[in-house]
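Some structures are shown below for you to check.
In what follows, chain A forms one complex with chain B and a second complex with chain C.
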Partner chain A sequence: MSQSPKDPGDVRGAIEAGRRHHDMGGRDAGPVDRSQHAHDPWENKTDAILRLLADPARGPVMRIDELRRGIEEMGPGIYDELSYYERWIASIATILMEKGVLTADEIGRKIEDVRARHADAPPRREGFGGGTR
Partner chain B sequence: MSAAAHATSAPFAPGDRVRVRTAFPPGHVRTPHYCRGHEGVVERLCGHFPNPEELAYGRVPTAPCALYRVRFPQRALWPDYAGPAADSVEIELFDHWLEAVE
Partner chain C sequence: MSPHDGPHDHGAHDHPHPNQPDLEDAPLAYYPAMADAVAELLIEKGVFTADDLRSTIDYMASRTPALGARLAARAWADPAFRARLLADSKAAAAELDIDTGPAPVLVMENTDAVHNVVVCTLCSCYPVFLLGKSPDWYKSRNYRSRVIRSPRAVLAEFGTVIDPAREVRVHDSTADMRYMILPRQPEGTEGWPEDKLAALITRDALIGVCEVTAG
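Now for the complex of A and B:
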């Protein structure tokens, strides 16, 4: 319990111990941020998208277990850099591509459309994610 | 064993001593790293659920797995635990991660 999970030097040790990066239970992680915050609209939308995709009435298209697997496979680095709902939407995209629901090209073109639509809007804050971890 | 028989099969009972397998598979597993290899006591059978290790890859298992809540002494898991000796932690673990302690 001596090293932070974000310590790059810890990655090799974790692999040798058979511990995957996301499996951080009991490890030092610094102070806990207990501040309350509102979710950004895109975070609410991400939550809604997952609920719809995981609804048994729709198949389900994907399961929460697949969402978790996609997040866990990000590994050190990306896993730490992304906020909570950024991890969700990135994993949802990966799983939907795996399942043939969406293609990388479709997602890429949609991202371009959205960027163009918001080209004139000033960024509301640093980066594009909320503070949610 | 038929799926129906499997759905009610529960090899362990509350009070049984069990050890978490010392295994480090790749893929999506729900057994925390910190409890592997440790001994605990079955607190209850939570029910039978499809194996998340299969669901994570888009496969739906036909036979649900028994899920147990297992109690471990905090001090067994964390040698430097500073709280009361009676403190415990309970972890929900699937049948295939547990072995009987004689």
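Now for the complex of A and C:
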């Protein structure tokens, strides 16, 4: 992604040319939107999965900086398209596949199972996955 | 295992889940399904148990800004504790049976000369064990981009105007180092009981985008 700036004295240009989309400190942007969404159960579950995997008592299975790398490597399109915890669960799945803990095939089949069960017996109230973000 | 028990069953724990729309007819979206799929597979493989998952969800729900506020109130009331909190937050918090979590947390003290504020420009690192889940704005592109370059302007959007004579320091968090701010104690609250002090201290003051007022 990095390309040489035209002017060797253009330090800012060099920094901009070398940095990736997640590295946004100092960039121009608009006012801060302070509205807040309530967390869905599946977001809390994703958070808990990460805490368990990052627990040193389990190895850890994966570290927080690995979660971050998985998110940074998504590329700007996906990064901006996904919500915060969507990025998390996608990165968790990617890192677990890299480490050989899970396979893409297993995850794909299980997602189908989960969705089929949901379609057969949608939850009446609370607790299960959650369908929106 | 049915998806309706195990990791999804909150059991006797019966707190409300706001923002949960009627799901009866909606297909389960892809990423929520992925979260369930990954959880079930990890349980089947014995990486953790359904109980581990349930108890972790509950434990993380118990992490709220009230914990950070208790630490700050104690620091105001007890100068020796304040010194210990600034030197080693994990050990100091343990005195109050508060868990700062696996990542180190540095507590930065606001003074009449310096105002501190926290960001994570690269992602969203945050002292989650002391403050709970971070607010959406903390994770937003606009906050992450601008606060490090124009902190006074961003703070003003939160209604916080910093005296030009005070220095503003912005602390950029990482996966391995988190920050919490010890706000200035408002004048006139000296000698107040700690719980009354703690009630004044907001999440946003502990992030550094606001100051504490006596109400």
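Simple rule for what comes next: the second predicted complex is superposed on the first by the 103 of 133 C-alpha atoms of A that agree within 3 Å, B and C clash if a C-alpha of one lies under 4 Å from a C-alpha of the other, contacts with A are read in each partner's own complex, and residues count from 1 in each chain.
The working rule: a residue touches a chain if its C-beta (ideal position, glycine included) is under 8 Å from a C-beta of that chain, and two chains touch if they have at least 3 such contacts.
Please read these numbers as outputs of a predicted model, since none were measured by experiment.
Trainee: Between chain B (first) and chain C (second), which does A:K99 come into contact with in this model arrangement: first, second, both, or neither?
Mentor: first
Trainee: Let me test your reading of the model: by the given contact rule, A:A48 touches which partner, first (chain B), second (chain C), both or neither?
Mentor: second
Trainee: Once the two complexes are aligned on chain A, which partner has more residues of chain A within touching range, chain B or chain C?
Mentor: Here the partner covering more residues of chain A is C.
Trainee: Check the residue A:D65 against both partner chains and state whether it touches chain B (first), chain C (second), both, or neither.
Mentor: Touch status of A:D65: both partners.
Trainee: State whether A:G18 touches chain B only (first), chain C only (second), both chains, or neither.
Mentor: first
Trainee: Which holds for A:A29: it touches chain B only (first), chain C only (second), both, or neither?
Mentor: second
Trainee: Once the two structures are fitted together, what part of chain A is touched by chain B and by chain C alike?
Mentor: Dual-contact residues (chain A): 23, 25-26, 63, 65, 68, 72.
Trainee: Along chain A, where are the residues that touch chain B in the complex?
Mentor: Answer in residue numbers: 1, 17-20, 23, 25-26, 62-63, 65-66, 68-69, 72, 98-99.
Trainee: Applying the document's contact rule, which stretches of chain A touch chain C when the two form their complex?
Mentor: These residues of chain A touch chain C: 22-49, 51-56, 58, 61, 63-65, 67-68, 71-72, 82-86, 89-90, 92-93, 96, 101-102, 106-107, 110-111, 113-115, 117-119, 121-133.
Trainee: Spell out the part of chain B that touches chain A in their complex, as residue ranges.
Mentor: The contact residues of chain B facing chain A are 24, 27-28, 32-34, 52, 55-58, 77-78, 80.
Trainee: For chain C, which residues are in contact with chain A within the complex?
Mentor: It comes out as residues 2-4, 7-10, 16-21, 23-42, 45, 47-48, 52-53, 56-57, 60-61, 102-103, 119, 121-125, 133, 135-137, 139-146, 148-149, 154, 157-158, 172, 175-176.
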